[in-house]
Structures are given as structure tokens and as C-alpha cells.
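These are the structures in question, set out in turn.
You will see two complexes here that share chain A, one where it goes with chain B and one where it goes with chain C.
Up next is the complex of A and B:
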């Protein structure tokens, strides 16, 4: 018998104000002792709900409406709280995405271990055992004496992992354990996790939206879509030949940025609304291989080439064959986005006069605590220029000074030394670092920003039309019907057509990708010369990232904008940018045309960034 | 990205989701969303009905009251009779008529002082929180001062030494002593809101500070402002009654506080006129109870988690 058996499990959300939503529908799977299973899906697919249901941690309005979860012979769906308390953490522990916030901020790490041991009556010396556990996750024993706020995000997540392993559980449920952490830190934690599992032999259910990570770590992968499992297959097989069109689409959004020809695909459309009844396949509306039968018959999860798949086309063997990770994969998969890189750029772009020049800029932050002052140099002696029609990527891990540079360029902050110059179309020359008042407002007409988080960049109480009308009123003097007409044009230029459907919507009625398009449209409203995009795709679902990148790329080239693209993600930099600047601790360590920098990195730090990208294809190539 | 489909906002601090949620709730009905949420809560529904009854009595007071509350032509110190349901005062006025007309005073003071102290709190709190720097230091000092100065003695002193008398004096005294708590809450809320990306975005769109505060931030604080207003109005009604009971009220207006004051001076306990003493006290506590009950519903408005039972 398997360690964890989930049998026809359904979970329904029944909120008072919205129609009931069947977040998990008739899901069955099992995990054997010591098996590493990945559960993959995009936001809203029900993967976290499924995880919480397995732990019996659902709170109203969510309810298990059918099926059973059996763990180690115990039926968790009917077990009483006392029985659950004995099982949780001892045999079944968890690390959540926000586990770093689950550490109690007012007690030291040592005390958190002591609590865990005391609660489950573990004998022996706390310090000794805790030190051992911290060594497991490659942390020094000094961490024991620290308070949570004295640790970095990655260290806190390691402490959470050590705590989860404290009682040697048989199954650890990891729900997006590294999302929100830096790529380099993520790499460290995942490597350690893989080693630990080999040493200790626990089973893992690894929930993530990040296909690269899951495929690299897991033995077996389950793909979830619209509350159902659509494919269940060994990771190696999944890599070689995914059988569900959705899995294929997800895999298509990965590629090795070092290859000479990089192409990624995306899946157009949106996930289904689970509060409405559906006939037929839930993925049919977005599927490139859809057939008539798919719209009327709901497929079952049936055995297919050593795995399970829920797709009529695959089951009747009519799926086209693709080799993933290669250039032709993207074209076979429908919508695709070829790496522009240096391919089809107008030849004169590199020689065009720069619109924005940054020369020898440094920024020092001074903090005063009592009598002592300490200072941090966030950016040191950085120079670069932005040219029309050219995308310049600024890459580096968090804390490398990327965002500080963005704030200096947009005149939100002033540099400690150095200068920033903006040259207008009419030849006017502006010293950006000395702007204030009306001149600053005037400068913002030319330099606009696309924000990282589309969920916080739009005011939740204001309609799309209002958001777009403000820059139009302030910079172009358009009001009323004229502003509305222009706003509609802007929406269509970012691919939100027909615009009439979107103008009067509130942000919460839009998907993440649509919001990011609205944010982009707002940035375009004053007809700027320079666009600063600060991680514009990092909060979006994998399957639509390429779509937004394509939009940004088209805008730059059609409107001859100069763009500073800030990211930690080298694949997206490779796809979008013409030139790359690598920033490490405030210093530019490498720069040059994208292909050269990423294809043949010279600096050690650049290589570290490249190696940290989750890359399932590398594993496939090696093994 | 791991949030399940019907994302439930975290309890507490976040007031931004309220507006959006309220619009979603109202779908299919003609009533505004906030009212639907309030009405569905049983405690709140009772509170709303009670308050509505008080408001109706206050509005139609001249029609309901059988006599002029100042008419002292009746026999003095009567117990409840068929002509005078709650008896008469030591001066020979009808207690029931005073009770009915007194509802006006309490509600007017509650509304006016509530609005006034909410406005002061809003202006001070928003300015301190949004502008920051030394402006914040100075305003925060004032807020802290307003919080630590004991309100009742200050009210008594202000009311006792003020050169003028009248209802407006009472309203102003109550507002001046009662705005600080609301200001403190609004200041901390705006500090969390002002760092949101959409505020930066509004700056990039060329909007000026005043407009950003009024059009981008305030709509996201509606529920907090309403809660603040309810609290301030409640305090004002109690404050007016207290001042009037101490004899510091406006002697020319009829209010529940002055009734209590006169009942006490007129020896209602000695003459056995329990109705004269109990009626205004009961009315006062019922009005305050109605506000408290409504506040349960307002909690649900600002915290979506509470709506699910």
C-alpha cells in the first residue's frame, strides 16, 4: 500500500457572495515511500487547495465535498483533531511558500526547535539535535541564537525546512518553497533538498508553478489544470514527450538561454471559470490541437505510454510529435515567440543617438542609529546609455542595485554622485539628477514605468478608463470623450480588443496578464521616449510570460522606444534584450550584446546566474 | 501564485479589497453592496432597525410629542398617567415630550461631532502619514497629545470656561477632544497604502499630491473612515449626555442629558418618579447599543473573513 493515497477527492469553495467553485474535482493519486512527486499548475488550478486538503488544513468556505485521503493507513478525511495532531509534523510535515513568515518573530530560532521537540515529547539535548538539523540544511549553529528578522529570506526558509524535518517525517509537503526567493538562493536550497532526500529517504509532494524546478527535482510529475489532474508521468518521460497539450505548452515556455537560437511558446487564453458548468475538455478553449469531440466529451484520465493523460487527442494517438527544447518545438506548439535578440534589429539602432545617458552614477544610503552612522553603497560608478529602438537588460540578483538604478533613472531618487542626462526629440538636454517640481513632472512625460506587480500597480477602486485617463489629462490635455477614445486606442495597441469590453472594468475583474497590459498601456499614454520595465513578468503565470515579452518587444520596435528591462531572469533577457548589463553588488561586471554575454559569459557572476536557472533540459541532456 | 481561486484577503489591515468585494456582492440587487453586507448580519440588522426608529422619532418629533417640551403649565412631579405617559417634571413639563424631542439633540450632536472629529482626524492623519518627515513629527506629537490628555476633564474645563453657551459649543468641545484616536489609525493606514505601486504610478501619470490622496487613497480607506465615524459619533452622544448631566450643557435645549440632570436635581428618586429618571437613561443606552450592533456589521465590511458565517 502506498504512503499517501488520494481517492476521488473533491474540494468546493462555497463563499456567500460568489457562486460555488469546485477548486479540486475528482482527483486520485498516490505517493509511495520515499517518492518525490511534483504537482504542477498555474495560479488558480487548485494545487494549493489540494495540498491543504491533504493536510486537512482547509478553512471555510472551502470544504472537502467528496473522496478520501489515506495516509499510512489512516483516513485523514474522517480522523479527529487529536489523531491529526499526532500525525502532523511527526509523519507528515510541511513547508509553505510563506514559511519564512511562520517563524515566531519574538523568539529565537533555538526556542522554535525546543517548542517543536517539547510538543512531541522528543527526549535529548535540544541544542545538539537542532545543530544537527541546521547542519542538514547547511546553516551554521550561530543561527540558533538569532531572531527570525536577523536572517535573510533564504536562511529563514532553510530554518523552516529544518523544522519540517525535525521529527523525521515520512512525507514532506512543500508548497512553492522557493517562490519569491532569489534564483541563486533558490538553487542552493533545492540542491540541499535533493541531497537530504537521498540521505533521509522521506517522500515529497512538491507543489509549484515552476515547471523547470519541478521537472528537475521530481521522480514523477502530475500536471493540474482547472482542478483536475491532466497528466501524470515520470519526469524523464514528461521531458522527452509530454502527452497533454497543456503540459506541452508549459514546457514550451522553457529554453536554455545559452543556445544560439532560443524560442519559447505561450498558451493564449485564460483558465476556465470553475464556478460555471463545463461540458467537454476544460482545456479545449486554449488547445492548439482541439477537435470537435473535445468540446462535447469530457476526457478521463487514462493510461497512456507509462503514464496517465486526460486528453482525447492523445488517447487516440493523433498528437503531432515534437522534440522539446528545440527550435521547431515552438512552431509546432502554435503561438510562439522567437528570440529577437540581435536578429531583426534595424542596423542603425546601435548608432542612434542615446536618449538617456547615465555617467558614473553612485548611490550611498546612510542610516543613522543613535550616534553611529553606517552607510551602504547600493550602486557604484555605473555608466550606460539607452538608445531608441533598443532594449537594454539590467540583470542581477536581488540586492544588486537594479531597482536603485531604476529609481535614479526615473528621478524618484537622486544619485550621490554622477549624472543622468536626457536628450529630448527637439535636442533639449535635461540634467535628470537635478530635477524638481514642474520640470520633474515634465520629465515623466518622456520616461514611464511598467511595474513588477500588476496586482498592486492598479488602484483596486478605479476603473481601467480612469487609470488611463490620468496621464492623458495631465500630459496630453485630453478630457472626457477624447480621453476615452484615446484610452480605447491604447488598450487595442496592447492587445486588449475590443477595448469597449475593458474600459469600465475594475482591476479585480481582469487576469494578471490583462492587468499587466493595462499597466503597459498607461505607461504608453504620454507617448514616452523611454520605458523602464522593472521585472514586468516575474509575477505572471509561466504560460503567459512570453506573451507579455512579445508585446514589450513589439512596442519598442514599432514606437522606437528606448527600454531598460530590469530582471533576474536571463532567459527573458535573452529573448527581449539587444544588450545586457550584469550588475553585481552595485557594480557593472559585464556588458555587451545579449548573445555574447549570455552565450559566452566571461564573468564568474554571470555564469553563476546562468547556472541557477532551473533547467530541466540540462538534466535530460546529462542523464 | 499559490493562492486558491477564490482568494480570500488576509484578515485585518487590508481595506483595499472592500470596495471591490462590495461591488461584487451587489450584483443582482439594486441595493448598494455595502448595505447588503450590513443587512445580512443579524446583529447589525437589529442595530439598523433600532437606529432607524430613533431617526424617525427625531425627524417627526413635533408630530409625535403630545405637548411642547418647554410647556410648564402642567401639575408638577406627577407619576405616569394617561395624559402624561411618563409623568411630569418638577417644573411641570411633560417628560414623554421631552424624551421625544431630546432624541433630536442626541442624534444631531452625534452626527455633527462625529463628522467634525472624523474630518479633523482625516486631515491630520492623512497629512501626517502621506507627507512624512518633520510634518509627520509635529502632527504625530499633536495626535499623541490628544490621546494622552484625559478627555472628560478637558471637556468639562472647556465647557465650563467657554464664554458662549449652546449646542455648537458642546459639539466643538467634543470634536476637539475626540479626533486623535481616528487620526492615529488613519495615519498608520495611509503609511501602508502610500508605498503601493499604484501611488507611484499616479505620480508617473503626473497627478499632484492632493489629488492622489483624494482620488487614489481615500477610496481605499472608506470602511476605516466609516468605522471611525461610528466610534466618534458614539463617543459624542455619550459626551453630550455626560456634559449635560453635569450641568454644563446648553440649558435652552432639551436633551436626554439635561433631562437626567433635572431629574437628579428635581429629586426624582425621592418623589418616586422612576419613569423620569429611567426613560432618558434607557433611551441613551438603547441608542448607544444600536451603534454598537451596527459596528458588528461594519467589522464584516472591513474584514471579508467575517462574512462567511
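Up next is the complex of A and C:
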């Protein structure tokens, strides 16, 4: 008997004033002792709901509407509170998403360990045990005396992992454990997790949208779409030959940035609305291989080449063969996005006169603690130039000074030394670091931002038309019907057509990708010369990231914009950027054309960044 | 940052605000048009008759109206405030303002202070209970019940109490702080008499007092029970009650602590409505009388007292908050 058996489990959300939403539908799977299983899916596919249902942590309006979860012979769906409480953490523990919020903010780390031991009547000295556990995750015992807000995101996540292993459970459920963490920090935690699993032998259910991580870590991978499991097979097989068109699409959105020819694909469209009844395959609307039968018959999850797949086309072996990452994959998968190296660029782009020049810029922050002052040099002697029609990527870990540079370029902050020059269309030359008042305002119309989080970058109570009308009124003096007309043009230029459908929508009525398009349209409204994109795709689903990159790439080419693309994601930098600047602790350590810097990194730090990217292909090649 | 530095910073901030409040209290009346001495004389004499300069001068001398330039007055004023000297009351001449406030203050502090503390404790407990049993019958009764009581006008409730328990049933005296038979002092007769008199106003305050705390506590706690760290505590197998107290109530109470401190500070201003309805000899009634008889020194002193009360209470809340919420001790980077 397997350790965890999930049997025809369904979970439905029944909010008071909205139609019921079947988030998880008829899901069955099992996990054996010591097995590492990945659960892969995009936001809204039901993977976290499934995780919470397994832990019996669902809160209203979500509830289990069918099926059973059996853990080690105990039916969790019917177990009473006390029985459940005894089993929790002793046998089944969890680490939540690194939302920085899974530790109680008002008590010390020590107390959170003490709470856990006390609840299960573990004898012995709390400090001693907790110190041992922290050593497992390579943390110093001083952490015990800290409050959660005094720890970094990576440290908090390590504490959460140590806490999860406190009672030596048989199964650990990890829900997006490294999402939001820096790639180097993530690498550290994942390496430690793999070692601990070998040492302690616990089973893992690893829930994530990050395909690279899941495929690298897991023995077996389940792909979830629209509340159903659509594919379930060994990770190595999944890499070699994914059988569900959706799995193929996801895998197509991933590539090794170091390869000479990098191509990714994306899946057009958006996930199904689960509050409406569906007939046929849930993926049919987005599927490149859709057949007539798919629209009328709902496929079952059936055995297929040592795994399970829920696809009529695959089950009848009519799925076209595809080599992921190859040129012909694009035609088979429907849409694709080749890396910039293979894109047509205006030949003069590299020689064009720079529109923005940063020369020897440093920024020092001073902190005062009582009478002592200490200073941190966030950026040291950085120089670069942005040219029209060229994307310059600025890559580095969090804390490397990327955002400080963005604030200096947008004149939100002034550098401590060095200069920033902007050359206007008419050849006028401005010292950006000395601008004030009206001149500053005038400068800002030329330099616009695309923000990281499209969910908080738009006022939730205002329509799209209003969001776009603000910069139009402020910078172009357009109002009323003229502004509305211009807003519609902007929406169409970012691929939201027909614009009439979007103008009067509120942000919550749009998908993440659509919101990011609106944010981009708003940045384009004053007709800027320079676009600063700060991690514009990191909050978006994997399957649509390439779509936004493609949009940004097209805008740069068509409008001859200069773009500073800030990211920690080297794959996207490889795809979008013409040149790359690598920033480490405020210093530029490497720079050059993208293909050279990423394909053949010379600096040690650049190589560290590259090596930290989860790379399932390396594992497949080694195994 | 060491907690000591946090407390030192809060204290300096407190001193700064206090100085600003005292200064404003000095400036605002002097920026108003008109001469208080002339106002008194014309009120005494009636509008029709002309004002005798000698009379005005006499009143000035009697009231001790200051002379010298504004800065000298300010220095004198600061010195007087430090000594607790607020001058002489116009209406209760020859009693000093300090004496009048000293008479009224204990009545208010005891009545309102005690009921505020009880309201806070009861309200917080009921709110916690409602959140703990969210969406149950207990929650509905507590939440709907307190919302209903909160919509009733306070003065109407108070009058109802007077009508039923004082006039109809004659269980309690209907007005005043103590009866004619006793005189203030530490004797049993007076204390039991004062207690009898305070029951009805206290009940009136206690009916409406906890409502804000109940609603605030319940909503905060429902939110903190939905946080990830609370769900993780449940997943860790912590007993339900422990989760509710350490992870739910412990965090939910924080905003209420600030609210409570401000409410305690406001006591010094009195509760005008309740003291008027019950004709209770506290600060609220004193304030009302000083306003209606234009007793400027008394008014000014009461305002100053109220401000200082709120400031001190806020300062204490800050200190308490420093202990309750480690996050606020964090250094603010420049």
C-alpha cells in the first residue's frame, strides 16, 4: 500500500454570491514511501487547493465534495480533529510558499520550535533539538533568538524547512517552497533538500509552477490543468517525451539559455473558467492538435507508455512527433519565440547614438543608528549606455543594486557621484541627475517603467481606460474622447484587440498577462524613448511569459525604444536582450553581447548565476 | 536595534508633541479677536449701556490678565503650566481652575476609567470568542447583537435606564454623584452612596462600551486566523486553543491596544453626554458649564488636560506596543 493515496478527490469552492467553482475534479494518485513527486501547473489550476485538501487545511468556502485521502492507512477526510492533530507534523508536514508569512511575526523562532515540540509532547531540551535541526539546513543557532522579520527570505524558508523536518515526518508537502527567492538562494535550498531526503528518506510532494525545478528534483511528475491531472509519468520520460499537448507547451516554454540556438514556445489563450460546465477536453480551446472528438468527449486519464495521460489524440497515437527547442517545434506547437540572436535587427542598432548614458555612477546609502552611522554602497562606478532599438539586460541577484540603478535612471533618486545624461530627439542634452521641477517632469515622459507585479501596478477600482488616460492627460494633454481614442490605439498596439472589449474592464476582470499588457500600454502612453522593465514577467505564468517577451521585443524594434531589462532570470535575458550587464554587489562584473556573456561566461559570478538555474536537461544527460 | 533606543525615540517624540500642544493651547485664544475683560463687563452690564473703562480695568486686575509682549507672556505661561497654575475660574470665582478640576477629576476617572477597562476586557474576550467560533450561532449572536445595540442612540438608552430603574422601580438614585445625606470623604456612608449613584451611568456606559472592541477584535482575529502562519500552526498539529490564542488573538489585539490607550487618554475630557443625563459631577459637566459660561481659563485648562491625557496614553501605548510587537522596534533607515 502506498504512503499517500488520493482517490477520486474533488474540491469545490462555493462562494456566497458567485457560482460554484470546482477547483479540483476527480483526482487520483498515490505516493510511495520515500518517493519525490512533483505536481506541476499554472496559477489557478488547483494544485495548491489539492495540497491543502491533502493536509485537510481547506477553509470555507472550499470543501471536499467527493473522494478520499488515505495516509498510511488512515482516512484523512473523515478523521476527527484530535486524530488528525496527532498525525499532523509527526507523519505529514509542510512548507508553504515563501510568501515570507509562514512564521508567526510576534514570537521568536525558538518559540515556534517549542510550540511544535510541546504540541506533540516531544521530550528533551528544545534549544538543543532546534539547534540540531537548524544545522540540517545550514543555519546558525543564533537564528533561534531572532524574530521572523529579522531574517532574510531565504533564511525564513530554511527555518520553515527545519521546522517541517522537526518530527522526522514520512511525507513533506512543499508548496512552491522557493518561489520568490533569488536563484542562487533557491539553488542552496534545493541542494540541501535533495541531500536531506537522501539522508532521512522522507517522501515529498513538491507543488510548483516552476518546471525547471520540478523536473530536476522529482522522480515522478504530475501535470495539472483545470483541476484535473492531465499527465503523470517519470520525470526522465516527461523530459524525453511529454505526451499531453499542455505538458509539451510547458516544456516548450523552457530552454537552457547557454545553448547557441535558444527557442521557446508559449501557449496562447487562457485557462478554462471552472465555474462553467464544460464538455470535452478542458485544454481543447488552446490545443494545437485539437480534433473534433476533443470538443465533445471528455478524455480519461489512461495508461500510456509507462505513464498516464488524459488526451484523446495521444491515446490514439496521432500526436505529431516533436523535438522541443528545435525550429520545427514552433510550427508544431503553434507559436514560438526565438532568442534575439536569431531575430532581425536593424543593422545600425548597435551603432546608433545612445539615448541615455550612465557614467561612473555610485550610490551610497547611509543608515543612522543612534549616534553611529553606517553606509552601504549599493552601486559602485557603473557605466553603460542605452541605444534606440536595443535591449540591454541588467542581471544580478536580489540586493545586487539593480533596482537602485533603475531608480537613478528614472530620476527617482540621485546618484552620490557620477552622471546620467539623456539625449532628446532634437539633440538636446540633459543631466538627469541634476533635474528639478518642470524639467524633471518633462524628462519623465521620455523614460517610463513597466513594473514587476501587474496585480498591484493598477488601481483595482479604476478601469483600464482611466489607467491609460492619466499619462495621456499629464504628458500629452489629451482628455475626453481624444484620450479614449488614443487609449484604444495603445491597447491594440500591445495586442489587446479589439480595444473596445478592454477599455471599460477593471483590473480583476483581466488575466495576469492582460494586466501586464495594460501596464505596458500605460508606459507607452507618453510616447517614451526609454522603457525600464523591472522583472516584467516574473509574476506571470510560465506558459505566457514568452508572449510578453515577444511583445516587448516587438515594441523595441517597431518603436525604436531603448530598453533596460532588469531581471534575475537569465533565460529571459537571453531571449530578449541584445547585450547583458552582470551586476554583483553594485559592481558590473561582466558585460557584452548576450550570446557571448551567457553562452560563454568568463566571470565567476556570472557562472554561479548560470549554474544556479534549475536544469533538468543536465540531469537527463547525466542519467 | 536595541529596544532601549526605540523607547528613547518614542519618549523624545512624546516630549515634542507635548510642547507643540502646550504652545498651541497658548496661541489659539490669543489669536481670537476680542477682549475677554470687555466681554465680561458688557455681559454683566447688558448690551445697551456703554462700558466704563475703570470697570474693565478692575476686571483685568481681578482676572490677572497678562501684560508684556507675546514672548514674555509665553514664558510666564510655560512657568505657570509647569506649576499647575491655570489661573482663576471666571464662573466659580474665587476658586482656582486647578481646584475645580481637582474636584471633578476623581468622579470621571473612577466612573469612566473603570467602565472603559471593563468594556475593553469584555469586548476583547467576546470578539475573540466570536472569531474563534466564526460563523457559528455564538458568532451571529455576538456580532448581530452588538451591531444592533450600537445603533441605539446613547442618550436614549441612558434616559430609558433612568426612567425604568430610577423613576419607576426606584432602585437607584436618578441624578448626581452622591446624596444630600453624605459628604465626600473616606467614610463608608459616602462610598456606598457614591457607588449607588454610579450604577446607572456605569451600566449605560457598559452597554455601549464593548461594542467597538468586539467588532474590531473579531474582524482582526478572523483575518489573522486566515494568515499562512496560522494555517501552518494548524498543520503542525498545535492544539486549537493554542493556535487561537498565540497565533490569532495575540496578533489581532495589537490595533485594539492603541485604540484602548487613546480611549483611556480621552477620559480626562469626560463623557459629556452621560454626565449631563445623570447630572454627574465630573469633567464632562465641568467642560459643558465652562463652555456655556465662556469661562476661558477653565476651558483652556480642560482642553490642555485632555490633550496631555491623550498624549501620555499614546506614549504608554507605544511603549506597550514595543513589547507586544517586535516588528515596530525595527530601525527606520534614513
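We adopt the following convention: the second predicted complex is superposed on the first by the 610 of 623 C-alpha atoms of A that agree within 3 Å, B and C clash if a C-alpha of one lies under 4 Å from a C-alpha of the other, contacts with A are read in each partner's own complex, and residues count from 1 in each chain.
Criterion: a residue touches a chain if its C-beta (ideal position, glycine included) is under 8 Å from a C-beta of that chain, and two chains touch if they have at least 3 such contacts.
The model shown is predicted, which means the values in this text are computed figures rather than measured ones.
Chain B and chain C, once both complexes are superposed via chain A, clash.
When the two structures are aligned on the shared chain, A:115 is found in touch with chain C, with no touch to chain B. By the touch criterion defined above, A:309 lies against neither chain B nor chain C after alignment on the C-alpha atoms of chain A. In the superposed pair of complexes, A:319 makes contact with neither chain B nor chain C.
Between chain B and chain C, it is B that contacts the larger number of residues in chain A.
By the document's definition of touching, of the two partners only chain C reaches A:365; chain B does not.
By the document's definition of touching, both partners, chain B and chain C, reach A:60. By the touch criterion defined above, A:101 reaches chain C but does not reach chain B. When the shared chain is aligned, no partner comes close enough to touch A:130: not chain B, not chain C.
Residue contacts after overlaying the shared chain place A:519 against chain B, while chain C stays out of touching range.
In the superposition on chain A, A:151 makes contact with neither chain B nor chain C.
The interface of chain A with chain B overlaps its interface with chain C at residues 60, 97. On chain A, the positions that touch chain C within their shared complex are 55, 57, 59-60, 81, 84-90, 93-94, 96-97, 99, 101-107, 115-116, 119-120, 147, 149-150, 160, 163, 365-370.
Those residues of chain C that touch chain A in the complex are listed here as 1, 5, 135, 226-229, 231-240, 242, 246-247, 250-251, 324-327, 330-331, 333-334. Those residues of chain A whose C-beta lies close enough to touch chain B in the complex are 13, 15-18, 21, 23, 42-44, 46-49, 52, 60-62, 97, 175-176, 179, 207, 209, 274, 410, 412, 441, 444-445, 448-449, 451-453, 456-462, 467, 470-471, 474-475, 506-508, 519, 522-523, 525-526, 539, 541.
Listed in rising order, the residues of chain B touching chain A in the complex are 1-6, 8, 16-17, 19-21, 23-25, 40, 196-198, 200-207, 215-216, 219-220, 307-309.
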